[in-house]
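For clarity, chains are labelled A, B, C and D in written order, and residue numbers in each chain start from 1.
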Amino acid sequence: MSAHSFGSDNHSGGHPEVIEAVLAANEGHAPGYGADPWTARVEELFREHLGPQASAFVVFNGSGANVAALRALGRPYDAVICPASAHLNVDECGAPERIAGVKLLTAECPDGKLTPELAESRITGVGDEHAVQPRIISISQSTELGTVYEPSEIAALAELAHEREMLLHIDGARLCNAAASLGVELRELVTDVGVDALSFGGTKNGLLLGEAVVLMRPEHAADFRFLRKQTLQLASKMRFISAQLEALLGGDLWLRAAGNANRMAGRLGAAIEALDGATLAHPVQANGVFAWLPDPAIDGLLETMPGDPPFHRWPSSERVEGSSLIRLLCSWDTSEADVDELAGAIADCLG
Amino acid sequence: MSAHSFGSDNHSGGHPEVIEAVLAANEGHAPGYGADPWTARVEELFREHLGPQASAFVVFNGSGANVAALRALGRPYDAVICPASAHLNVDECGAPERIAGVKLLTAECPDGKLTPELAESRITGVGDEHAVQPRIISISQSTELGTVYEPSEIAALAELAHEREMLLHIDGARLCNAAASLGVELRELVTDVGVDALSFGGTKNGLLLGEAVVLMRPEHAADFRFLRKQTLQLASKMRFISAQLEALLGGDLWLRAAGNANRMAGRLGAAIEALDGATLAHPVQANGVFAWLPDPAIDGLLETMPGDPPFHRWPSSERVEGSSLIRLLCSWDTSEADVDELAGAIADCLG
Amino acid sequence: MSAHSFGSDNHSGGHPEVIEAVLAANEGHAPGYGADPWTARVEELFREHLGPQASAFVVFNGSGANVAALRALGRPYDAVICPASAHLNVDECGAPERIAGVKLLTAECPDGKLTPELAESRITGVGDEHAVQPRIISISQSTELGTVYEPSEIAALAELAHEREMLLHIDGARLCNAAASLGVELRELVTDVGVDALSFGGTKNGLLLGEAVVLMRPEHAADFRFLRKQTLQLASKMRFISAQLEALLGGDLWLRAAGNANRMAGRLGAAIEALDGATLAHPVQANGVFAWLPDPAIDGLLETMPGDPPFHRWPSSERVEGSSLIRLLCSWDTSEADVDELAGAIADCLG
Amino acid sequence: MSAHSFGSDNHSGGHPEVIEAVLAANEGHAPGYGADPWTARVEELFREHLGPQASAFVVFNGSGANVAALRALGRPYDAVICPASAHLNVDECGAPERIAGVKLLTAECPDGKLTPELAESRITGVGDEHAVQPRIISISQSTELGTVYEPSEIAALAELAHEREMLLHIDGARLCNAAASLGVELRELVTDVGVDALSFGGTKNGLLLGEAVVLMRPEHAADFRFLRKQTLQLASKMRFISAQLEALLGGDLWLRAAGNANRMAGRLGAAIEALDGATLAHPVQANGVFAWLPDPAIDGLLETMPGDPPFHRWPSSERVEGSSLIRLLCSWDTSEADVDELAGAIADCLG
């Protein structure tokens, strides 16, 4: 066990209410592969949150959710338009290409946010058999750079997608953080703005593990269980994942957990912004803080801070001489003391 | 929550010692993706059980373990020889073909056990560019039909494989059951008999979820972490799976849990064998009992027994007029009372 | 250049009328990728032969035709039922699995012919997410063993397929030989008996190279050009393949070429049948003769006959002590003298 | 048959010497799948041109050559760095991703030419299991934009590749045009500058169809025939493709054909450059001319010029108000009269 780390929101453990739900689910026998009451309740909870058309399928992890969702939405010659910074593009070891077989058409996006204009610039070759057919727009909400799409921004992307006979997918590994940040219900970021498919994240928001693919159109949901199985994402003792998702979505844990992470990131961002020699790279709108720091300060922090590692240098297409970008992520369990300790350490290293 | 079921060994929950390990792992922060001390200890435990050449990689589920292992062992034009009854062949929704890209060359095997003769019959077309190249022999230990390979039987398959420049893979979703049945150490079924790669099962033996791919040759292990990630089997909060595997393998829980399941299957098999009108289809050597029963008796049992479902009719290439094959699996938590209740019910329905 | 060979019907060259068509097509410029008048005429010829619903797509080779057709017909979790002797299964180096991603469910078929009963035995697991979903029945006409399906036999397979919401595909690398053998029009083997997709063979029937995928349902044809391109089967100077297919199908060359090959095989089969020590393994119904001969006679023939090789030993699941199965294929250009020379040589070696 | 077109170098037909070679190859029988003397001579010719380490494999088309070559060079988690304008990236309908399973890491390249600096900018994530591993650098020679790499420029890319344990692949669909342009032997663009694998183009340089994959390292060549077959690129009557390649490479046809195309492009480029209102977009170094013309002039030309189509508008990341980019390709059979007619028509439409 390590000290508090800002290295990732997956360095934290399971929220006590999640643990309690796992313990409660561990009584007696239950049918496998999702034919259990916990899973039934999770499916119902997704309908409550997102509307009756939402078909939820519990899966193991975020890459699995994304790849399975893309397999459901695309034909073999379809392509996915996404930001160059998308998890799909940089953090899934080519699984979208090798496992889902799709080509990604990426756009460099300021603050990690795709716009209709940027998306449209990648819609080319429609009807040309030599070209992949742009079919899916995929965005991360909140983004990989800690920013958040307004509902109207998502709606504009959905409108573009549907005008062009395309579909909108959200990588929602941190969807709860976005909703908490905007003060909206989950449905306002999904159903109400025309999203067609969602990878819903639980792991980064207090679960031990567990995500869900949520399909908003019956034609994609009809046979998705075959794709989930074939994509190696079908849990046999599914109740133990479903119980966690039930704990998250049955009350307001999703909001409390994400809200705390966001508030701590806000506190950290404000503290860093106040320091001479540190610069925020992106607005702090969810649970991530991206900041430029001089390399000696970063090296000092990495040596002296606890956490294994305390945080990561982060790749950037920008270059700032003598400085590097660092990423700091807050979790459901990050405390004000954790933030203040880090902020103090940064100040010391800068000073 | 349902009553005790013999429908599958994944209808049971988590063993108390496994649960305790998860709770203990839930303290503070830990690095993601396996860079945590629980995972390091699990890797060490596999080396203790299987020898220093064993490289273990924690994954989510059995299909994931199998598919990732086959991806590591085979070239794009390689084929896998396996029994027709293999989980790979009948229970993975075509993932070996679609995701790993391999062709399966199946053999009808009595009692689900491949022999060198049967395997050799599928080694054809070697060096012929029109044919897939047989490269991997894959067997399940214990088998899908509840039987067990003797160490010498595995050694003979390994010898054939290596003589023909092939590799031997074990789908060990129930490896512990086989070891418990034979009264041997795990290494006697793997390392000592020349196995090249292993899918090690935890879920069916008392874990909430969790398996491992164990690669015995450094050339396969070297870059396997890329394949695990790309095969969508890399857990971010891996400590929570590793802690469970540590609970299983750190002491003798693997043996106690599997041993109980085996003993209960033996008790159930003996009781069924003694009944007029019921016939065992295969020797009861691990935790599964396969029996032919008259259809009216089966229908009666399905109506009256608790469990959801209490058991499954099982496909068979044999046909017995008016009867069906049923599969009954025992778990780490099956009790003598559970067995006796079922045996009594069967007797009633037959009577 | 070698002497006449019975090793394969692809050892022969191009028919003079085919060559003439290539020469005639080589005038001036023409648009690429099928937007040329030769290709338009071939598409029209397929509609004339097979009906207005036939959408033909010119491709390079037979494996390409088969794999592209299967990609068009199947969903990612679909399986193909075919004879164990199918070209798909034994002669395409795993391309159906690796490139099309489908699982083949094979049946041992006497004389290489699938029956509804045999096909039905492989329809299992329907609706079960753990199992591939049987979706396509694929047969070769004429078969890999030189036999021919009657139209009624194909109709029965189509009826089964459609009853079970499946599709019927014909690997017609030698469809013309079957039609010539039965004295029927091509449509009687395709359109009139409910075939859904066809790989139409030209190469083995007098072309230099060239095949076509013919899709009988608009939902498969609509976007097939994307799949053809992605399956690497889109010729840029397509006119030179289309001109050959036009030569084949525009008049009765398809029938004359295949008819000659069939007659020569009939003559060869009759001669062999009359010999002591030689046994026909299958009825001679198209252009192939399969015969059991004593190994010394085979070795003698391989030494003394011209052709490189003159013929091939052929794998068989049967074993005849001291004998091997050989395959002898006749071509559009096989002459009576060629046949009689071979028959004489066999007699000599047996004598 | 259409009039002369500048729409593509695949609108031309077969060179008379190529046709003659096909006719000469059409005598008697020959073994299939490349076991014929024409193919043996082609393999030898590639060794003569490129050195004894060159292993050549005849294939059908350029996409097939590229995809099969990438399959030979890359591990499942490897990525290919290439210009955004690469044929691989924009003209192969996602086959590199779906069929070869590789991710393309593209760079915007002035004049379509990758530099070591641009390539290096895409080498990221090495050793990180979350990222694809950059493994292959692929360039087109001549480029998709009609420019040519100097041997030293290729050598610099090879040096970078080898320093980083990567490999250099050339898409040489127009390699002969580059060699003719530079006045060098083929080996000076391949062997002498460290290229590891080559897709060699014949179709655009006077063949009816036919390309070759040439592998310069024995470890890639050893089993490539399995990959060629599985990638659906194994011709049965291969002699008819090999005879064409023999005609091309056995004497100086490769140089004469490409040289004519280049000269005509040079003449056309010079004529266009001299016109008011037309601007060359890229240096004319091979057989392609890329020019910006006012849209009304383009529309006029498309209406009045023969050819079906006479040329194509071409996508560009640049935008010039009121103008479009057009691509004009010359062939082995383009004459000065063809060029002068087009140049005159352009002048008329501009005037």
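Simple rule for what comes next: contacts are C-beta pairs under 8 Å (C-beta built on N, C-alpha and C of every residue); 3 or more make two chains touch, one makes a residue touch a chain.
Keep in mind it's a predicted model, so treat the numbers as computed, not measured.
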Going by C-alpha centroids, which chain is farthest from subunit A? Tell me that one. C
Between A-C and A-B, the pair joined by more C-beta contacts: A-B
With chain centres defined as C-alpha means, what is the inter-centre distance between subunit A and subunit D in Å? 41
Length of the line joining the C-alpha centres of subunit A and subunit B, rounded to whole Å: 33
Please report how many Å separate the Cα centroid of subunit A from that of subunit C, as a whole number. 51
Spell out, as numbers or ranges, the residues of subunit B touching 2 or more other chains. 76-77, 92-94, 98, 129-130, 226, 229-230, 234
Classify the inter-chain contact topology: is it line, ring, star, complete, or other? complete
Residues of subunit A that touch subunit C when the two form their complex: 33, 71, 75-77, 129-130, 133, 223, 225-230, 234
Taking the touch rule as given, give the residues of subunit D at its contact with subunit C in the complex, in rising order. 1-5, 7-8, 10-14, 19, 22-23, 25-32, 35, 37, 60-64, 67, 92-95, 98-99, 203-204, 208-209, 226, 229-237, 239-241, 307-309, 331
Can you tell me which positions in subunit A touch subunit D when the two form their complex? 76-77, 79, 90-94, 97-98, 101-104, 124-125, 129-132, 315
